[in-house]
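Both of the next two complexes hold subunit A, though its partner changes from subunit B to subunit C.
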Partner chain A sequence: MFSLDLLLNAIVAGILIGGFYAAVSLGISVSFGLLDIVNIAHPAFVILGSYTAYAMNRFFGFDPLLTGLLFTPVFYALGVVVYRLYYLGFERKGEESLRGLVFFFGVLFIVEVALLLAYGVDYRMIEARYVGQSFHIGVVGIAFRLLLPCLVGLMVTVALHLFLSKTFYGRAIKAVSQDSQALRLMGVDPVKIKRIAFALSIATASLAGALLILIGPVEPSIGREYIGRVFAIVVLGGMGSISGTLAASVILGVVESLTATFSGPSWAPAVSFGILLVVLAVRPAGLFGR
Partner chain B sequence: MKKTVPLWVVLGVVVAAFLFTRLGGNRYIYFAGYFVLQYIVLATAWNVLGGYTGYVNFGTAAFFATGAYTALVLILAFKATLPVQIVAGALTAGLLGLGIGYLTLRLRGVFFSIATLALSVVLQTVVSNWEYVGGGKGLSIIRPKAPALFASHAEYLFVVMVLLAAASVALAWWVQNSRVGRGLAAIRDNEEAAECMGVPTLRLKLFATTLSGCLMGVAGTPFPYYVTLVEPGSVFSLDYAVNSLAMPMIGGTTTWVGPVIGAVLLGTAQQVATVTISSELNLLIVGIVLVAFVMLAPQGIVGLVQRLFHRRSR
Partner chain C sequence: MAWHGQTGTRRRWIVGVLIGVMALGTAWAPAAQAAEPIKIGFGMALTGALAGNGKAALMAMQMWAEDVNKKGGLLGRPVELVYYDDQTKPAAVPGIYTKLLDVDKVNFIVSGYGTNVIAPLFPIAMERNLVLMGLFGMANNEKLKYKNYFQIMPSGPNPALGWSQGFFEVAAKQQPKPQTIALVGADAEYPHNALVGAREHAKNFGFKVVYDGKYPPSTVDYTPIIRAIKATNPDLVYVASYPPDTAGIIQAAQEVGLPVKMFGGGMVGLQFAALQTKLGSKLNGVVNYEFYVPEPTVNFPGINEFLARYQAQAEKAGVDPLGHYIPPFSYAYVQILGQAVEATKSLDQKKVAEYIQANEFNTIVGKVKFAPNGEWAKSRVLMVQFQNVQGSDVAQFKKAGTRVVLYPEDWKSGTLIYPYSKAQK
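Our next item is the complex of A and B:
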């Protein structure tokens, strides 16, 4: 049963999947980690991204990755709208914690049921030339449908990291998470900065969704599996740390992949919850948190 | 004297329900009535934690399923009777609540919510892999003969659910008006201040999580006999989480009446809508109504009514 080939393949697949998980988790790392907005609807936006990619591919023959990139402004606009509602309804009144959570849960539910009404419960997948191909390095097989999402995920991570550390707006976003009052004294509107950051986090969901449907078939309720996963990653990575998020994604990817290989794929969703609980109980600040 | 009033009310309601079943009538009434009553239990249970203390539980389905699957295991293993199943389901789901509460309640409330959300997914994974209870495909069971005095199982389950619903509402009433309830309200309003004033916050929160989980489990225990086909997809349906949270939110979270109003309104509306429109569309409506209420009427229907009376009296 146990073999070195299997182990190596599982680890490589896990690392590749980890790169993809980073793409999905970055949005939450920004909204939850930096802005303290518990956007549990994020996975639903990712699924929305997947269905956008599916529809564009189906009807216009667009490449999923191209769609993911092209639709980031649309998702950005969607993020602006959602943040506006959230701000007016909750943040301004200072009751964001309980009702804000319920609000996002409602959004999650609405997106999911709307997709269900539009596309039904069937799994949808995408046809692209490169989806089925793979190559080998020694005994390790690398599938394009895993490699590509991983690379794109890494690119998004690096881009976001550079944006947050090098640009004015990026630094302002980090500042708003530390002390929004001080930011206001510097003449910057914290609400505007938060809006930009939140919209940006939703924009990443467009790309992440395109990657998700490249990896495998998608159905509307699949987003729920990702909630435990992405929050486990964000908490493990130390809230709001981009490099921590990447590291935690790879760790979770490898552990899940090993579980799937050695105890069966149906057990994989339980892994993230186990990790989440252990981290919360033992070290809530996460591996890389301050 | 006041303390015994709810007991008499509960007893009266159950006797009335029993007499109602003796009248006969359309079976569908019991089927639909059960659905609404089940949500009264779930919404009340959710509110004991969510409404009274302000900790949001997204894992109703997990607790409900714990009750349902405990009952199923007891049926398969010992052919246990319904009362035994209910007690066992209450205990296991209560323990689950205690455990998850112990692990996450010392942290910010957000982490508790996320943990409960993930809990459903994990329990569903476990159950789907458990062949004894039917795995992912599910298992159909045969109802035993209905107990004496009842024309059929539909009536029997209906009366049992009336009892459970009345008992949980009475419990919620008791919690709200006791020392415990005042402690819980203090936690909701300002946890740090409550802690400083000597309110044993962690112990109270654990009590609320346990009681809440317990009642949710109770709501799930008659489920196997109600549907006769138990499969993970329907037991872990997101509908439970959304409804049990939407109902108190719409009815009003600070009193025991709120969840009851919400459950009766939303539950009945859904039964009607499922028959007349499609079930997906009515879920969409629930979602939209929920978001509208959280944004526009945070105190729910109870709050709206109170505001109306305040304006009148002034």
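Our next item is the complex of A and C:
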């Protein structure tokens, strides 16, 4: 069954889905990788982003990508509120490890139930002109449904990378992940920096959710399917490394795609997590971790 | 005068109280005598992955209880549904049913929706020799052979085979006869069972299996799978999938351009308005299973009235606005239980079970007769083809013409547009 045509298509499909994985994983990379906050509710915020895109598309005819972009400030504000609750309830008291995890489980359920009550339990899809369209470059077929999420994922990754490496707040976020006490001695409030970073991670969920509903139908609890995958990507890429998250997303996407094409799709998770184990055995800090 | 006046007031007050008490007593007497309700207990998926179907099923069951109570109840007693959310979790089932039986003291139990929540209910029902009405369980009783189990999904006495029989019967009649088939499905309970049947049919009908694969339910992109299938150049593709994969596979097939002669078979989700309206014309040509479609050949007494009432309430309740899949059957499985109670004039589990086993029932999904294993005595899985679907208007799916019945012959309402690519034009 092997052919060059299949191989090229599998690699391109893997890269495309990898770009999307990056968009979904970036928020976790910031919150878990940089801030050490195990925000297990992040996929639920992604689904909230999907439903926001769905509602704006259904009632006002907005393009999902536009909605994703427009709602990033709203999600940022939501992130500020969630972090404030987390900080006051757990982090300030030094109870963030286990009780903080329970808190985010609670947030996950609250978001799911709220969506359930508002939209019901049916699967929701979105209408956009480019969904269902595709084009060919030589033997390689590319679907807009997958190309756009990939491009947007790449753009968000680059933007976040530039923000973290070139701006004052970005460097402060990196500093808070390394030594918050030292940051305080420099006259910067680490709690404020963490709040900004966490809110930023939730803001990415708005765009990631819009991309998710472009790719396929969603229902309120579908975010749980992504929890294992996104944490695996962050660990594989190296905790807190944005470029590592992108690389790991593409690696995972390509490996899944190649496995699904040539060895049977049921092997895809086993091969992906096998690679994660091998990488962690060789480089415990992940591909780009320090 | 004042004293007399006071006495008069007191007398009037006492008389008023007496009359009031008598009036209340008169009003309460029949209510007290109107006996306790007959309680039917169940767990239902009101949250979780299958909640869409669970909520619609519950609504239909409540409509049945309402209908029965309007007519005076069962055996002169009102019917009461006692239910809890099983969260689509099999692990929640034993606790729910133990409470229903031991605390709520229900008279009968019926299952929640789906194979996975029916399975853990068997030990409880078998231990107490209870009648167990099943709602859309696939081959749950194959190994247990519990005599008091009756399942309403019309997949016939051998569900794994009955499920895909129509797809293969229709394919085998085409000229020139297809030679090869690809089988693909999610790595989960239902697709596993459906693919077992499909493999056996492929062997019996003489189709060569050129691809046989399963994918994890968490798969996001289906294009690599569809490309791999395309590379094997099959004439037929049989898919056993759940709603999110169904949408992903159909979209990927469109984008890749799957040049097959027949495509579909066991795709869950295409029975609901949510996917039908969003996939729209992409559905044209897909051949898939159904249990009820509004074709003129598939018309049972009471079904149209039921659907009209259901559809009027559905949007407000946030459930499937068509209600063609689960709701009529969830109405029917309690309808059968009610008819058996009335006929036997008893709440005795053994008598009711024996009656259900021995008799045929007229329901809103037609005549129902059970085989010894509790499945329908004869399969009535419809194989339909999506034709003439345009845009995303839900109204087109409420009328005949968009899902034409190809099999069984008794219910046939149109002919297959063959090959798949022709129906898409």
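The rule we apply is simple: the second predicted complex is superposed on the first by the 260 of 290 C-alpha atoms of A that agree within 3 Å, B and C clash if a C-alpha of one lies under 4 Å from a C-alpha of the other, contacts with A are read in each partner's own complex, and residues count from 1 in each chain.
Keep in mind that, in the parts below, a residue touches a chain if its C-beta (ideal position, glycine included) is under 8 Å from a C-beta of that chain, and two chains touch if they have at least 3 such contacts.
The structure presented is a predicted model; accordingly, all values stated were derived computationally and were not measured.
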Subject >> Which superposed partner A:Y169 touches (first subunit B, second subunit C, both, neither) >> reply: neither
Original post:
Does the superposition put A:F288 against subunit B (first), subunit C (second), both, or neither?
Top reply: neither
Original post:
Touch check for A:R124: first (subunit B), second (subunit C), both, or neither?
Top reply: second
Subject >> First (subunit B), second (subunit C), both or neither touched by A:L116 >> reply: both
Original post:
For A:S3, is the partner it touches subunit B (first), subunit C (second), both, or none of the two (neither)?
Top reply: second
**OP:** Classify the contacts of A:L101 with the two partner chains as first (subunit B alone), second (subunit C alone), both, or neither.
**Re:** first
Original post:
Given the touch rule stated above, what does A:G89 touch, subunit B (first), subunit C (second), both, or neither?
Top reply: first
Original post:
Of the partners subunit B and subunit C, which touch A:S266 in the superposed model: first, second, both, neither?
Top reply: both
Subject >> Contacts on subunit A seen with subunit B and repeated with subunit C across the two complexes >> reply: 113, 116, 221, 225, 264, 266, 269
Subject >> Touching residues on subunit C, where the partner in the complex is subunit A >> reply: 47-49, 51-52, 54-55, 187, 213-221, 223-225, 227-228, 231-232, 243-244, 247-248, 251-252, 254-257, 269, 272, 274-275, 278-279, 282, 318-320, 392
Original post:
Where on subunit A is subunit B touching in the complex?
Top reply: 38, 40, 85, 88-90, 95, 97-99, 101-103, 105-107, 109-110, 112-114, 116-117, 221, 224-225, 227-228, 231-232, 235, 264, 266-267, 269-270, 272-274, 276-277, 280-281, 284
Original post:
Okay, in this complex, where on subunit A does subunit C touch?
Top reply: 1, 3, 6, 9-10, 13-14, 16-17, 20, 113, 116, 119-127, 131-134, 141, 143, 145-146, 215-217, 219, 221-222, 225-226, 229, 256-258, 260-262, 264-266, 268-269
Subject >> Footprint of subunit A on subunit B - complex, ascending >> reply: 50, 54, 56, 58, 103-104, 107, 109-111, 113-115, 117-122, 125-126, 128-129, 136, 238, 241-242, 245-246, 249, 280-281, 283-284, 286-288, 290-291, 294-295, 298
